[in-house]
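Provided herewith is a single structure, encoded as structure tokens, for subsequent inquiry.
The chains carry the letters A, B and C, assigned in the order they are written, with residues numbered from 1 in each.
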Amino acid sequence: MTRILMKGNEAIGAAAIKAGCRYFFGYPITPQNELPEFMSKEMPKVDGVYVQAESEVAAINMVYGAAGTGARVMTSSSSPGIALKQEGITYIAGAELPCVIVNISRGGPGLGGIQPSQADYFQSTRGGGNGDYRLLVYAPASLQEAVDLVIEAFDAADYYRNPVMVIGDGMIGQMMEPVEFREPATKRELPTKDWATTGTNSSRKPNIINSLALDPEELEKHNIKLDKKYKEMEEKEVRYEMYKMEDAEVVMVAYGTTARIAKNAVDALEKEGIKVGLIRPITLWPFPYKAFKEIPATAKALLSVEMSMGQMIDDVKIANEGRLPVEFYGRAGGMIPTPEAIAAKVKDILGGAK
Amino acid sequence: MTVVFEKTQGLTDKQFHYCPGCTHGVIHRLVAEVLEELGVIGKTVGVAPVGCSVLAYDYFNCDMHEASHGRAPAVATGIKRVLPEHVVFTYQGDGDLASIGTAEIIHAAHRSEKFTTIFVNNAIYGMTGGQMAPTTLIGQKTTTSQEGRKQELTGMPLRISEMMATIDGAVFVERVSVHDVPHIRKAKKAIKKAFEIQLEGKGFGIVEVLSTCPTNWGITPVDSLKWLEENMIPYYPLGNFRTPEEGK
Amino acid sequence: MSTEKIIMAGFGGQGVMSMGQLLTYAGMIENKQVSWLPSYGPEMRGGTANCSVIVSDSLIGSPIITQDATAVIVMNLPSLIKFEKNLRANGRVLINSSLIEKKAERQDVEDYYIPANEIANEIGNLRVANMVMLGAYLELTKAVSVDSVIEAFKKVYGAGKEHLIPLNKEALERGAAVVRG
């Protein structure tokens, strides 16, 4: 396969088309604009459809309608726009429809800024919308991984009949790296979409896409059914990378592009004879709690590194189960941590730990 | 035994939950009969709203999709864009369409999405217990305008059909009523026309149907029909606001 | 070459982004590891623009260049002021002396002065000033070959712009000549 140099937002769009996505409903917001722009140009070439919706709310509801017909469908936005989509996302999860939602996130709260941020961790993993539901959340750290995960996301969405979110910060959207388009790593037996609203053809009972259940007993049953699915995801879908964990004195936890910066810090510290490892969650939900069972006995502390004021750290603490001190280093608002600052924090922790 | 009347194939056997005297039942039947007469039940996807007709998905005998409040036109856009040869309609009340869903209906019309909207205007929020709607008449008492709607506080009632008629993409706009048999017949004609225009691929069509809410208006079903005729029609004049030229 | 980390900066419209993309693409053609990270936002619309390019023989960690740039190519004065401090010791700063009268302040870096606008004007098109700068950079570092950059140019701009290749080649060569010394 040939490698192509692409901008992140465009590579994500190309990956979606490669995965058979033919319907894209978008709305402009920086820093994801190249994605809808790319889709508006490329979708007609593959007999697909691009619609620029009147709002993010409308876009996600168009996704809801299109997903109901069984089509592979995607939308994208950035943080405040994703906030607006939460209504549709909970309906789609409740009605058990597959779709892929891309968040090229930026600093908040409110209108915030347009520079890279990871302050949407809670929003994506804790349910931004109402009710008991979960999204499978992929957090790529490179464009190749973004492409691979987007392609995978459509299969995972179809398999679980659940929305899948791919979250990258503004850097993932804006940077260029070589990518190649490959088949998904996980082969899934995909169920037929016999639930889709494609017309009864007067030969079957009507299909109904719905998230309403006024009878509490019925709704509880539905919740239990959904939960079973989420448990299956927790069992099968956890992904993470371990980096230089052997004999690590400090174990960092970082995802997305922050993990790449953290790796630079790990390598720099290694040259100074300081052993630091990295756990990189690739799925934010389900979170790789089990990776923390593999932390070597040499570890003196955990360090959560994030482009936020500390959100993933909650999951790090849950995973840690009170064993080690959990430290935090983060930059917010679009400021990006430097390897030097992360390394200094590690030295600080070890100074304190001695 | 001779069959003198048969229920339309466009409706399921499920019993309506609507209040006695509510005209939703009539409007459901008109839509269902039109779908049957056009022979399109098997290739129709309907979109139900949030409001009294939230359970419409149980009544129409075609594939149905339950939308969130006000978003039915966006959901219908998604469906129709995937299934351009199918028949797609939304069935929405005045809280759903004229309040929370104004952006979605205006832009579906603006893009001239090729589906049909049935807009049921009874000048009140029914499902939630009779609150004021944008379409509530001046002086009309509701649970959130207990002394009657006042213009200085809440503005004048919103005329959706007139507004839709200003949008080029809304190729068919008509307001009808179901307060008596002749008007019910006219209403059905308009609904049929709107669906035919969809089948011809001409663009977005909307039929506003003036409807009653005896329960929340606090009057009898018969008085409700009269109240609609005497109070709603003068403010919401019936008639066609837009129709595609023949042969185009 | 092990790892080249270059910050390129200038006014919007000086071709800073495309200069970075060509270098990145050329690196990919040579099977190197590459990344290109732009500044984005309001400054893209007329203000200063910059991008960070990494070309490496080994896997790239972060695409961000902090205090370890091996080279900084600046097309205007604000860019020199902003990015000189990002150079590592013994790094190179390439200054467009047509627009920047100021000299590099740091004593621990190698500084080069290229009258890119004048050269570009001489060969007939101000818009290739970026290629003059890139030519100088390639001559100093051999980060990628000139052939690869031309190959990248064909890929990025397509057949419609092939008539511009001789001009761009000349710009690269003239830039190289300035620093060949």
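Everything below uses one rule, namely that a residue touches a chain if its C-beta (ideal position, glycine included) is under 8 Å from a C-beta of that chain, and two chains touch if they have at least 3 such contacts.
Since the structure is predicted, the reported quantities are computational estimates derived from the model, not experimental observations.
Engineer: Name the chain whose C-alpha centroid is farthest from the C-alpha centroid of chain C.
Structural biologist: Between chain C and every other chain, the largest centroid distance is to B.
Engineer: Taking every chain's C-alpha mean, which one sits closest to the mean of all protein C-alpha atoms?
Structural biologist: Ranked by how close its C-alpha centre lies to the overall one, first comes A.
Engineer: Have a look at A-C versus A-B and report the one with more C-beta pairs in contact.
Structural biologist: The greater number of contacts lies at A-B.
Engineer: Could you state the distance in Å from the CA-based centre of chain B to that of chain C?
Structural biologist: Taking the mean C-alpha position of each chain, the two centres sit 62 Å apart.
Engineer: What is the distance in Å between the mean C-alpha positions of chain A and chain B?
Structural biologist: 40
Engineer: Find the geometric centre of each of chain A and chain C from their Cα atoms only, then give the gap between the two centres in Å, rounded to an integer.
Structural biologist: Inter-chain centre distance comes to 34 Å.
Engineer: Under the definition above, what is the set of chain B residues touching chain A in their complex?
Structural biologist: Touching chain A from chain B are residues 12, 41-45, 47, 54-55, 57-58, 60-68, 71, 74-83, 86, 103-104, 106-107, 110-111.
Engineer: For the complex, give me every residue of chain C touching chain A.
Structural biologist: For chain C paired with chain A, touching residues are 21, 24-25, 28, 34-38, 40-41, 60-64, 66-67.
Engineer: Quick check: in the complex, which residue numbers of chain A touch chain B?
Structural biologist: That would be residues 23, 25, 49, 51, 53-55, 57-59, 61-69, 71, 73, 87-88, 91, 95, 197-203, 206-212 of chain A.
Engineer: What does chain A use to touch chain C in their complex?
Structural biologist: Within the complex, chain A touches chain C at residues 3, 5, 30-31, 114-115, 170-171, 174-178, 257, 260-261, 263-264, 267, 336, 338-340.
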